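Okay, handing you the structure first.
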Amino acid sequence: MTAKIIENYRISSYYYRLTLDCAEIAQKAAPGQFVMIRVNHEVEPLLRRPFSIHRQWTSSSHRSAQAEGIQILFRIVGKGTAHLASLSRGAKIDIIGPLGQGFRLKTAISHPLLIAGGIGAAPLLFLADRIEEAQALPLQPRLFLGGKTKEDILCREDFEKDGFSLHISTEDGSMGHKGLIMEPFSDYLKQAMLSGKNEITIFACGPLPLMYKVAEAARQYNLSCQVSLEQKMACGVGACLGCVIEWADADNPSRYRRVCKEGPVFEAGRRCEARRQEL
Amino acid sequence: MTAKIIENYRISSYYYRLTLDCAEIAQKAAPGQFVMIRVNHEVEPLLRRPFSIHRQWTSSSHRSAQAEGIQILFRIVGKGTAHLASLSRGAKIDIIGPLGQGFRLKTAISHPLLIAGGIGAAPLLFLADRIEEAQALPLQPRLFLGGKTKEDILCREDFEKDGFSLHISTEDGSMGHKGLIMEPFSDYLKQAMLSGKNEITIFACGPLPLMYKVAEAARQYNLSCQVSLEQKMACGVGACLGCVIEWADADNPSRYRRVCKEGPVFEAGRRCEARRQEL
Amino acid sequence: MTRKPEIRSQESEAGIRSSCRQPDTRIRLAGLELKNPVMVASGTFGYGEEYSRFIDLNQLGAIVVKGISLHPMEGNPPPRLAETPAGLLNSIGLQNVGLEAFIKTKLPFLESIDSLVIVNILGHTIDEYVALATELSKHSRVDALELNISCPNVDKGGLAFGTDCQSTFEVVQAVRQATGLPLITKLSPNVTNIAAIASSAQEAGTDAVSLINTVLGMAIDIHQRKPALARVVGGLSGPAIKPIAVRMVFQVSQAVDIPVIGMGGIMNGDDAVEFLLAGASAISVGTAHFVDPETPIKVLKGIEKYMMRYQFNTLADIIGNLTIP
Amino acid sequence: MTRKPEIRSQESEAGIRSSCRQPDTRIRLAGLELKNPVMVASGTFGYGEEYSRFIDLNQLGAIVVKGISLHPMEGNPPPRLAETPAGLLNSIGLQNVGLEAFIKTKLPFLESIDSLVIVNILGHTIDEYVALATELSKHSRVDALELNISCPNVDKGGLAFGTDCQSTFEVVQAVRQATGLPLITKLSPNVTNIAAIASSAQEAGTDAVSLINTVLGMAIDIHQRKPALARVVGGLSGPAIKPIAVRMVFQVSQAVDIPVIGMGGIMNGDDAVEFLLAGASAISVGTAHFVDPETPIKVLKGIEKYMMRYQFNTLADIIGNLTIP
């Protein structure tokens, strides 16, 4: 379907926030789901590009207003994203979605811990919005946000507005803790376990190595954990079998699973003992 | 080299006049020569597109001012020209030229007859400018301008400013004579020959069938004639041998000749008896 | 935003209006009656269901499902995809649910569709192909079989069946004897002489040939200094291969008497017409689904528009209708 | 106008600065000493002179001139060119001035250039190849010969020499015996097993192989319902064929011990590096000249930049430097 660009806002040198008018997708969207965008009508790039749904959007300030569109938070890494960044308000783009399996929020979550690396923050804000809307939590929800430099620390204020307490780290120390975000996250987990706060659910999105480490930590403490993974995609709808990843759990013994269909969000914590060695 | 767009003026639904800042090319340019333009930096269209130099351009109103740029008159027919039409003032395009062999104006021309079909008018205006600058002609120069509809009749006023007397025809009769431009042209030739005006030199540019007919007429009356031809091109510089056309004359017996190198302007009149039958 | 000027069509619209009769796009081939010549290529359309949310499957001439093997195959390790200029490299490794699960879990959905269903089959030995053909012939929802002969023949050191006339003949003949279903042999383009392979398949009794499968290709991640695909070499599809596909469809059409189903880089109606003019009786949309799930419908509309514009009433009027200078 | 945002490089610029030593891009192959690995492909660069207005020919590793035959050839009728998605189809028909005129009118210009000159030769019989090689070996300005074996072998019913191991062996061996010049055999990609052909050429004594020549393709003008090229089928070049070329260069490099010269769709330095990593010792720029005459210079700069970024000092460090999972 076609969506009109409401705004394509440049956050910093490489990050953009794209607001799209597409009520149909917006109203069906769940946190963790994604859309496939055709950035132009040329043969290069040939394929659509996958982007997480960053937020539902509404023009009205009324809280209970129906969603009229979605936002995408993206980083320029190649041709497709560069082209997307060049589009302006009023332009129309071809988009399909919402696609894939998002974060599962069915059971009451008493203590959500979110962890993101860089652009991984994108889908977590939608999740944070939902957590904030739906839940009166016994403990303050927390977000661990890591990046290379302070430019990669995205949406800080938005998460704070959603009532999250933030832990920030940057590799160059330009904001927050200097180092990798796994360090404060591990420390927190260790302490939480000591103090008996084991009703933790982890939601993670970011580079694959970070996802492995988060999953490993979750299993170590036997915590519930969901991670959002990435893989190159062609169809985005489960038809081509191109986007598989090796990520199995007890309920899903098949070796390769489609990021676009069974994912992008996968169970990664205590329910994933079957193939622990492979992660 | 790179040229900045000074203006990309939309003449009518499908015709544009592009003014480019490229003094180097402009100062070397001769009427009938062309440039190769890279319309974008994508893989489609892959190749440069050839365009005749329509006019030299200068920002100053002083007549003897040095040329600072060139103009291109083009018609949208496909991807490349559509993209070119979408470019605006200030954009930079990659251009090489001037290329090829233009109209030969060495000998004194007492009675130039120009004939153009549609976009064929483009290079003829540059020629008309030169004729107007250089020559005090015994007879008024004439231009025969044909098109499908009046939209295809280009640069009327400019040719008139250059002192040309105009004969116009359109297939739908929306301007001038209703019919093909060969009709008034043939009539004129016939009459001119009767009245002994045989110091005629014909300069033609337009669709291939028209060029064949013009060449045929020139040979019939034993007149000097130069036609500008088109062929798909790849290199534009004589290297690939892709743009050949079957157009031989007494001086050039080789069967296939490169439009980009030996052309685009070829001798077609009395000097071309060798292969008359092939035309 | 850039202005997007319209492209002037070389012919006036009047030509289109003058003949508004809806053209007849039905086509019979290999004993099948297709409501139109637009099929979907194996492996690019899953088992049909995946795209049912995006287009009306009943509008398709035929659905060719993802290649099925006797036993489930887990496929190749990721990464399985790489984009190239105007093309896509894939190395899915023939991952599929296997014959049994296909019949149990995938075929039922297709019962509700009234387009033809063609099952693409693959094997590593002739016996596997025969077993697949025998079993699938028992199911009335299966309208035809498409033999993917681009698979490694384990009895011949892993060389693909379809790269050799003799192996092609043998596998097609064996399957021909095992099934009464219409049989389509899908040819590999990675051969010196595709017309010769097509002739062997014809001799062995195939009812039609389809082509082209993907062209072997490779891409390298120069920053990591490793192949972009885990399995190094993959299959190239998409617009990049269209001229190769058109050439092969033309060559094969000249060489055989059976119908040809053309594919390779078809993105729109004009591309499809190119294949029909080259001699194909039907065409398949493949990679284009990924770009736009509605492609098959748009392709059909494009073919119809072309037929109306030039006043062709039936598909037979355009198939192979090419003037060779 | 559209804003054109920069693309963020995945590695920081610091990596580049840390090793500013100019890398050594010289390469020896087939007894030749190239100042750099960037050559220009036969048929895309005329006889050198055509592009001398646009680039400094002395900066090229080698100039491979348009294919020369014993007698002048007038080539195919037009149209000879058609554009396809990310590709170019050509059917020049081997038009060239012939051996005698080449020596008289084209070679003198090349005397003034200090890059290597490689003459691409083509014949319709083995005798023609031998005659060409014999005569060209007498001219000191000719540094090496490149054998185009994609030509129809009239003694074998017009099948191209390069589609058959035996014919390849025969023609290469005959030319090998006729010349002491370094001999490069240029392979056709239109074969089932290019590694086998390369091995035959090696066995017959070629000093190097170059690949790929163009891929056979076809395009149709659907409005005129005739082939876009007068001669129906032509050769596909450009970015579209790059993945096919990289695959073949990789396969051939694995199969032979002689150096490989890679080409097919190289548009920039990154593309060239892809071929080097796949195993090529040098590369040729072809169709890209038409897009940008400065491509060879830009490609060389791109290779150097890559080497500096990853701190490779010599070309040998990157040739075939590929991790296979």
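When the chains are written out, they are named A, B, C and D in that same order, and each has its own residue count from 1.
By definition in this document, contacts are C-beta pairs under 8 Å (C-beta built on N, C-alpha and C of every residue); 3 or more make two chains touch, one makes a residue touch a chain.
Note that the structure is a prediction, hence the values are computed from the model and not measured.
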{"item": "Other chains in touch with both subunit C and subunit D", "value": "A, B"}
{"item": "Most remote chain, CA-based centroid, reference being subunit C", "value": "B"}
{"item": "Higher-contact pair (C-beta pairs counted), B-D versus B-C", "value": "B-D"}
{"item": "Separation of mean Cα positions, subunit B and subunit A [Å, integer]", "value": "59"}
{"item": "Centroid distance [mean C-alpha coordinates] between subunit D and subunit B, Å", "value": "36"}
{"item": "Subunit A and subunit D: spacing of chain centres that average the CA atoms, whole Å", "value": "47"}
{"item": "For subunit D, residues that touch 2 or more chains besides their own", "value": "1-2, 10, 77, 85-87, 238-240"}
{"item": "For subunit B, residues that touch 2 or more chains besides their own", "value": "43-44, 87-88"}
{"item": "Chain contact graph, described as a line, ring, star, complete graph or other shape", "value": "complete"}
{"item": "In the complex, subunit B residues that touch subunit A", "value": "42-44"}
{"item": "Subunit A partner contacts - residues on subunit C that touch it in the complex", "value": "1, 43-46, 50-51, 53-54, 66, 74-75, 77-83, 85-88, 90, 92, 95, 238-240, 287, 289-293"}
{"item": "List of subunit A residues in touch with subunit C within their complex", "value": "38, 43-48, 87-88, 90-91, 94, 96, 231-246, 254-256"}
{"item": "Touching residues (chain side subunit D, partner subunit A) in the complex", "value": "2-8, 10, 85-86"}
{"item": "Subunit B residues touching subunit C - in the complex, by the definition given at the top", "value": "13-14, 43-44, 75-79, 81-82, 85-88"}
